[in-house]
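Scrolling down, you'll hit the structures one after another.
What follows is a pair of complexes built around chain A, which joins chain B in one and chain C in the other.
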Partner chain A sequence: MGFWKRLFFGDHTKLEDRQPNDTKKEPKQPSSAKLSANIDYLMNEFNRTSDLKIRILKKGNAALLYFESLVDQEKVQEAIFKPIELGDVEDISNLPHSKETLNLEEAITTLLRGHAIYMEDGSRKISQFKVTSSFNRSPEEPANEKVVRGSHDGFVENMMININLIRKRIENRDLNVKYFKLGKKTNTNVAVIYLDGVADPEIVQQIETRMKDISADMIHSPGYVEEFIEDQTFSPFPQMLNTERPDRAVANLMEGRVAILTEGSPTTLIAPSTFFMFYQASDDYNMRWYTGTFVRLIRLASFIIAIGLPAFYIAVVGFHFEVIPDDLVIPVKSSINEIAYPPIMEAFVMVVIIELIREAGIRLPQPIGQTIGIVGGLVIGDAVVRAGLVSNLMVIVVALTAIASFVVPSNELSTTLRLLTFPLIILAGTLGFVGIVFGFLFILIHLSRLESFGVPYFSPVSPLRIKDLKDTFIRVPLYKMNERPKDSHAIQTEAVGPSREWKKREKTGKPQTIESGTNQTTGGDQSVSSDSSSE
Partner chain B sequence: MKKLILVLSTLLLLTGCWDERQFKNIKLVLTLGYDQGENGGIIETVSIPTIQRSSEGPGPESVQVISTDAVTPRDARDKVDQSISNTFDPAKVKVVVIGEDLAKENIYPTLDEFYRNPNNNLNAHLALARGKAEDILNFNSQSPTRISDYISGILEGAVAATHATGENLQLVCAELIEPGEDFSIPMLKIDEEQSVIKFDGMGLFHEDHYTGIDIPADQTTLFMLMQGKKGRVARLTKKVSDKHENEQMNYVTVNVMNQKQKLKIKAEGETVSADLKVDLKVRVVEYPADHLAESATVKELNQKLSEILTKEAEEIIKIMQEANSDIWAIGRQVKAYHPEVHKKLDWIEAYPEIEITPNVDVEILQHGIIN
Partner chain C sequence: MQTQIGVGILSLPYELHLKAKQDGWISLVIGAAILTIVLFVLWGIAKQFPEKDFFQINDVIFTKWPGRAISLFYVLYFMAVSVLIVLLFTRLISLWVLPNTPFWILAFLLIFVCLYLANAGLLIIARFYTMVSFLLLLLIVLTIYSLQEIHLMYLLPVGESGLGKIMSGVPEAMMSFLGFFVSLVFFSKVEGKSKDKLKIMLAAHLFVLVYYLFTVAVTYMFFSTEELRLVPEPLLYMLKSFELPIVARVDLFFVSIWVVSVATSFTTYIYMAGLGVKHIFNKKSSPIIHFILCLLIFVGATLIGYDMGKMNRFGEIIVGIGLGATVAFPFLMFPIVWLVKRMKGKGAGQA
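Let's look at the complex of A and B:
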């Protein structure tokens, strides 16, 4: 029946194995029936690279080719030679799990993917076996995005494992993964993941178009992708969220955003993103909402402290010392009285020293890194004050600033904040409070203008949408976040249905008449929606 | 574009520090004193604390007190600058003390500079000095506190205990300029015997000069309550009987818990009269004679206190009228609500003659935890 159906109604193209990428566009080089011609062609294409292993079988009538650097020898043994030894199959070309082609170009790509190919003299058929070796570390919690409560796994360098981690969390047929090959020479695998029916197709389309436009030899890391496809490369603010946490990626996917994964890097890019997304951490949703709100507010305050505190201090001591409280006047005066340099120089020196210590600490191995921290933080900090180069108030101010800049849950934004301190210091040192006001004004204007994939970056504050403030400055209880934020442009807005109807029922005293298993939607007259559970 | 960046950065970097005023390059002045000088000039006295930096917190402090003769306060400042390192800046001044003699002339010319320059601290306390302000600033107390802290502490304490109104430069300004409204300023005096500076009543002002008449320190609490002002604590100690041999038994001390003050002004023809009603709800905090559990005792005490305080209020009003100090701004109210009466009167002449009847009503609400 199937044959007749296909003959009359079906399309007449031959069914083929599904490839991650469309191979039809690739150049075709039909294989020859002569084994030596095939091998010569392959050897030439690979420039006689040394790690291409050629094993001659059947007394020179057949050959098995693979990259010994890409192939797991044990798998070769297991998949190819063992069945023959056991006598299950007579010939390697008859092995059932092989994939066949007549195109030598295709053979080249599969060889590069870590497959082994088998060719026989007198036959054009090329059998391909997947024997790739892969070295994976376990999905451990990323060191830069730790949480106290919540899941402790993280993305790894293998994209398949990463997608697996996401699919495990969203068991939904609408989760869509699209592969791209980026980098003309490196052919890096990049995946675009989104939830169909939630994510805005326009944004998905836009991301795909921008990805296809990339014409670079190498796509080395997500940072490359980011710079090629983001809206404003000259803005100091990151316009795509970087995360190594599957739960954070999944939460954003569920909000209708798009994730971009790259082979060889655990970092996932989330687009479109907004300023306030960088201040959300997975922890917030695992605590009581009061605490979540409190922590969120502290983080947002840290934004102001991180970029504004040194500037404020400089403006006060350089221009407007009237604002110092009466009881503080004498201590402040005594601490800065004999400092040789103007406060702006002090601030620059201290901020640069902190950055030096930080940079030195990152690159060095753990035990030495700690030593640097102690030497830098304690010894230099103390000595600098004792020597009278920098006032102890400035040390306090700069240290507070550094701490505040590390509070941001995203390393991307943290670096931005530390950079933004400098222009504000200069403005405060030259114009005082007026300068700070101008600086903040510029930043605010820039934030309001910025867009990430057609979505306003500073939303929901500008444009103001009060409903969406539920998950920005504060975090309301989860069942109150019944709508997806507008800034993700989700086409399906409802995220949480009425979930706490049981409370109403308890109050009205109506007995719950759900008989287990038989009827789940008994309370239909109360408009209790059990749709979510029956989905 | 490149030119624009160049121009902008040049503008910013070359002209920016123009009006920089580095905190470390100024001499802080926390206390200022003004006295009458010769030939209509003034003597300005400043106290400048200098603190040495030590590795842990502020180190030892040295205070420099400088007095100069000058024509005007601003001129005096220039002259002070000539004798100190750096320049001096009164932006954080805490207390301004004005000598008795200078205050009797007119205080506005002295204070004008404070109102004109936006950098000045208008929160600074204003006080009068019995004698010379210079002496107060030069006063060497045994306590290690700074003179500015010492004086401002005294004044703040006086406000908290309902002795003073807490006038500062800002509050005085309106009353100084407004005709028909007067004010009072705390008086400071050096007590040589105990070697302390003391709060010594409120100096009454008429328009812009000190009248030379004071409300004595022990009557200032009632004086404040009559103005409807109460600090954190308002405590009155009065002699209510002569019956007991032990002198202490004759006294009662009350804390005012709640106070209500109402001034009714009547103006007809050419006579202006005012009724001042002060309701005090009090708590007895000291009364050795006791028996407060009986309502008759309480009633009696209420009546006695009301009588005594009313009498005292009359005395205070007499002093005020003698000084021609219109603290209640009766003149302004008459001008506003009874302009035809005001036109007929020369208010400055009329005020000491008008009839002000005080009526203090005391009600004891609490008497502590013993009966």
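Let's look at the complex of A and C:
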């Protein structure tokens, strides 16, 4: 019946299963009608690996092949053998949910994806069954990007679940997902996601061409992708935002940016990104906007503290003692006087100790990690001062710096900041304030020179765009953020229309005008009054 | 705009005062007024060739080789100014902040950072300048802090030192505005209508004038006429005397921020010189040119070093050339531009 229906009513182009990737260029190896020849070919291609399981059925006339390690045994039972047992179909090759091919190379890729294939002697047809097993972590909140309020789910290692998390949040037909297979040997799935009509097509295009240029054996994490496609690999600043939070990814997608997901890693790359994006946290948008602004300012102040405070202290102590007000001179001087080493040495020792403690704390199991923190922080800190190796002021300064560098919501930027401390310490130790100023000048020039996918990295400060400052240093109320920031090059600029018109109406007493049926909850009284006013 | 508020700001009041006593601020206003006219002339020239930068204009109106010679002269002039900036900068830093640091380290730092910026191209330079112009506000705030101790009395009597003396202060005042010449060089590189550009130029000019006037007035009112004769950098001395509750020496911070504006003006001159060289020798890659220029500037500056006598003589020569090159020359250029344009127009009409 289906055949006749299609003959009379359907279109006559040959329909095929949609493949995530273009299969035309892939090699082809036609299957043979001989079962043994097919099996030999497959066994050779897989180098006789031990976990390729071959089950001979029908007294040697048919075979079911699958990778034991990739396949869920229960699913095999459920999908292939159960219908036969129940007598729904007589033959495995007739099972309706199988996908058929005549190409052995295709069978190889599907086998690797965790499918089972069924072949019969005397037929070239290969039936493929999806019986993949997958082990998924539940989408828990990422440990490195915790928020107090807001959604508590996070990306996981399975890309499909990640895309699901994004699609659930943006129910829009314009949300576009493009798959890439990267890594010549590993064949890692990478997805590029953007909102069509909002994201700048040029940037999307650029990201795609850069991705296609990647020619590496292995794409093992988003860090690989990042280093292959970012503009300046020699810059200390990260040029793509890494996040494990779906809400953060979605917010950036809505601003017209592009997200890059990699199979096997919960980290999503966001491009193009700007410096100030690293200082935004999802928390900010769930607070009162005053508090949001306050927290933002604290975070940005932490940037200055993190890279400048030790340098400033060293410059003051080493060169410009006269900057300290009179009352403070004696306590400062007395604490430094007994230290044998110059302040620059003290700073180096302390900063390195802090880094050691941090790194040790990460690698150790959690209970011991905390112990290390306490031993390192309290015991060593106290002992070092008592032993007269480091002045207690320096301990305060370095501890503050370390805390300030952890305030940044992004881990990459936080490491960058701690790295930048060192050159500034050296400059301050040799040239005092002048050195610091030149150091900062150099960093600022570098930041203004940096571009992320054609977008100035330090915008909206340089180039200055006052309008976009409302989501950088401060966070204005959400209904005031009516335009997308220019740095994402969004082609559709308006993001929030007039949303608080009810306030004006309350004042003027004008009724609500119902637009396109969206405001269905408006009471009957209002619609009546609007009728009367129109009359 | 940044270029204008360059090195001069700190010692300007002193130099003005040498010439015109307490009426120095009048010289400043007169100088600014003259420069406004010059600015209009520059605008008139640049408007005729909206697509060409200064060096290309030279080519057109003076024909190829003389035009190039003039361009070369300007390149040398820009480089000389850069050297002067380096000299003034290092001298001030060594006097105020780092008395023991050898000359070449400071010069190297300044040149290195500016080279990095100049290589980034005009767009980035412009972005950077707009960002750091906020620091000027900080400088103003620091100066405002001193307002509590000024005495209007010191400005009186107005006009006491006589017209001649006031006029003799004018060149000194104009010297500090020398950065205005940038507008001619970069005129074609900036997008926008020529009228808008004129407005921006005038606004920048006005801002600089107000800023200078403010600092000069504040320092004049802070120090008496007798004191001012003794202090070469009155602004810094004034700030030094204050003590904020948190920090004791405001002047050190002032110098630190001032370094930024020095760096910006230095970068501009390197970039302009680089532009000229690029044009004269028909070269494309600017990083190498900038590098060579910076090397020359560095060598030139080290030859003079901390030597005050040499430096003052050098400075005087530069001021003289600067006045000629940037004030007198445009007046000379303007009628020629006009003539060339008319002749060309006629030729085109006949053909």
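Going forward, the second predicted complex is superposed on the first by the 497 of 535 C-alpha atoms of A that agree within 3 Å, B and C clash if a C-alpha of one lies under 4 Å from a C-alpha of the other, contacts with A are read in each partner's own complex, and residues count from 1 in each chain.
Heads up, the rule we're going with is that contacts are C-beta pairs under 8 Å (C-beta built on N, C-alpha and C of every residue); 3 or more make two chains touch, one makes a residue touch a chain.
All figures in this text were calculated on a predicted structure; none of them were measured in a lab.
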Exercise for the section: Classify the contacts of A:T132 with the two partner chains as first (chain B alone), second (chain C alone), both, or neither. Expected result: neither
Exercise for the section: Considering only the touch criterion stated at the top, classify A:L431 as touching first (chain B), second (chain C), both, or neither. Expected result: both
Exercise for the section: Figure out whether A:N176 sits in contact with chain B (first) or chain C (second), or with both, or with neither. Expected result: neither
Practice task
Check whether A:R449 is in contact with chain B, with chain C, with both or with neither, and answer first, second, both or neither.
Solution key: second
Exercise for the section: Could you tell me if A:S334 is touching chain B, chain C, both of them or neither one (first, second, both, neither)? Expected result: first
Exercise for the section: Using the touch definition from the top, say if A:P463 reaches chain B (first), chain C (second), both or neither. Expected result: second
Exercise for the section: Pick one for A:D326: touches chain B only (first), chain C only (second), both, or neither. Expected result: both
Fill in the blank from the handout: Dual-contact residues of chain A, meaning touching chain B and chain C, are 319, 322, 324, 326, 431-432, 435
Fill in the blank from the handout: Listed in rising order, the residues of chain C that touch chain A in the complex are 93, 97-98, 101, 105-106, 109-110, 113, 116-117, 120, 124, 126-128, 130-132, 243, 245-249, 252-253, 255-257, 259-260, 263
Completion exercise
In the complex, the residues of chain A that touch chain B are 316-319, 321-322, 324, 326, 329-339, 342-343, 385-386, 388, 426-427, 429-432, 435
Problem - Complex interface listing, chain A residues touching chain C - result: 319-320, 322-326, 431-438, 441-442, 444-446, 448-449, 456, 458, 461-464
Completion exercise
Counting only contacts in the complex, chain B reaches chain A at residues 12-13, 16-17, 19-24, 26, 28, 30, 49, 51-53, 55, 57-59, 61, 91-92, 94, 119, 121, 146
